[in-house]
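Please read through the structure below; I'll follow up with questions.
For clarity, chains are labelled A, B and C in written order, and residue numbers in each chain start from 1.
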Amino acid sequence: MRVVTRELSVTTHGRGYVEISDALNALVLDSDMRVGLCCLWIRHTSASLLVCENADSEVLRDLERFMARLVPDGDALFRHVDEGDDDMPAHVRAVLTHTDLNVPVRDGRLALGTWQGVFLWEHRRHGHQRRVEVTLLGE
Amino acid sequence: MRVVTRELSVTTHGRGYVEISDALNALVLDSDMRVGLCCLWIRHTSASLLVCENADSEVLRDLERFMARLVPDGDALFRHVDEGDDDMPAHVRAVLTHTDLNVPVRDGRLALGTWQGVFLWEHRRHGHQRRVEVTLLGE
Amino acid sequence: MRVVTRELSVTTHGRGYVEISDALNALVLDSDMRVGLCCLWIRHTSASLLVCENADSEVLRDLERFMARLVPDGDALFRHVDEGDDDMPAHVRAVLTHTDLNVPVRDGRLALGTWQGVFLWEHRRHGHQRRVEVTLLGE
């Protein structure tokens, strides 16, 4: 067994999803890892990782509608508002989803289900450069 | 160190929980892994993985009541309704819980706390055959 | 590659956060692991693991306010009340956050982002002794 480390840099353009499944598969291919685990860690607290259906894009839009209702920007509950009224909601959205994600690798690829995609979810209204640490464990 | 892969197939009978702790312990035993990590990945986006108290079954029923109130079937917010009014709520429930789960292995067993059980949570109203990829890393 | 196991014991003083980033870095240093993964598992279902901004403490207070509104103590929805009116809310809070957390290790330290801290979140109103299993995988 061996460990291989990579870093993925993802440009976001404001609140929304960036699918990273293909970029991750390219990293796995490049590492020559055939079987094991592809471990992701996003180094931010106002963006997160997500697994969701990637067939009907309405699913992701509905998910955004749900989150916007559950954790609305400008909620009077929040006192941490110095960085904008979308900052604290972004932290809460990140807490309710995932900072890490550990995807099985089989036959040199992510063993995703037929309808599964891996996404980076930007929760701030402005775009950012986001960094994901990738740790491949296997052989 | 070595990597061992298994697949767990779980039959669900509509919305509800299936405890998989014993099935996982059987896989670990069969693999001869003594110490390391048992990494789970459910290959679906309308069912998920869950750790919860398994002593009082009222806990799981209360959890279902909470989710049914937070993400109600037939919510007018959702536009992705072609596959039924429980489909989009199932995706949201999966996002709010877990696609992966990484359980420590000690002495050839899952190192669960006294009251912890590992469950597969079916979020659709109809039953399905669900697949979980299992990656054991350790020695 | 090798696997190293440790256990972290954390004393809580009622509902609230205990940052464990430094304690984890001390374990990693002691293990001589330079690169890999630091895998955490909390052996309880009424406390959980969390990654959040650790710069402005108002962020954590806002997060507590959000959770207290989303999952209020004494909610009439809940029937599992024998262990107190904060017990079932504690289970729900744990389900909505994390039992496991898998942090990359680089150069002998957790590869956290600039503003990220790792926290144990006690969800019961009384303090407890909480146990976290730590599995280090790497070299």
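In this section, a residue touches a chain if its C-beta (ideal position, glycine included) is under 8 Å from a C-beta of that chain, and two chains touch if they have at least 3 such contacts.
Worth saying up front: this structure is predicted, and the values here are computed from it rather than measured.
Colleague: Shared numbers divided by all numbers used: is that above or below half for chain B and chain C, i.e. same or different?
Modeller: Mostly different residues.
Colleague: What rotation angle takes the CA atoms of chain A onto those of chain B? Round to the nearest 5 degrees.
Modeller: When the C-alpha atoms are superposed, chain A turns by 120 degrees onto chain B.
Colleague: How many angstrom lie between the CA centroids of chain B and chain C, rounded to a whole number?
Modeller: Computed from C-alpha means, the inter-chain centre distance equals 20 Å.
Colleague: At least two other chains touched by the same residue of chain C: list those residues.
Modeller: Within chain C, residues 1, 70, 96, 102, 137 contact more than one other chain.
Colleague: Which residues of chain C touch chain B in the complex?
Modeller: 1-3, 5, 39, 41-45, 70-71, 77-80, 82, 88, 91-92, 94-96, 99-100, 102, 131, 133, 135, 137
Colleague: Considering only the defined contacts, which chain B positions touch chain C in the complex?
Modeller: 1, 35-37, 50-53, 56, 58-59, 61-63, 65-66, 69-70, 96-97, 101-104, 106, 111-116, 137-139
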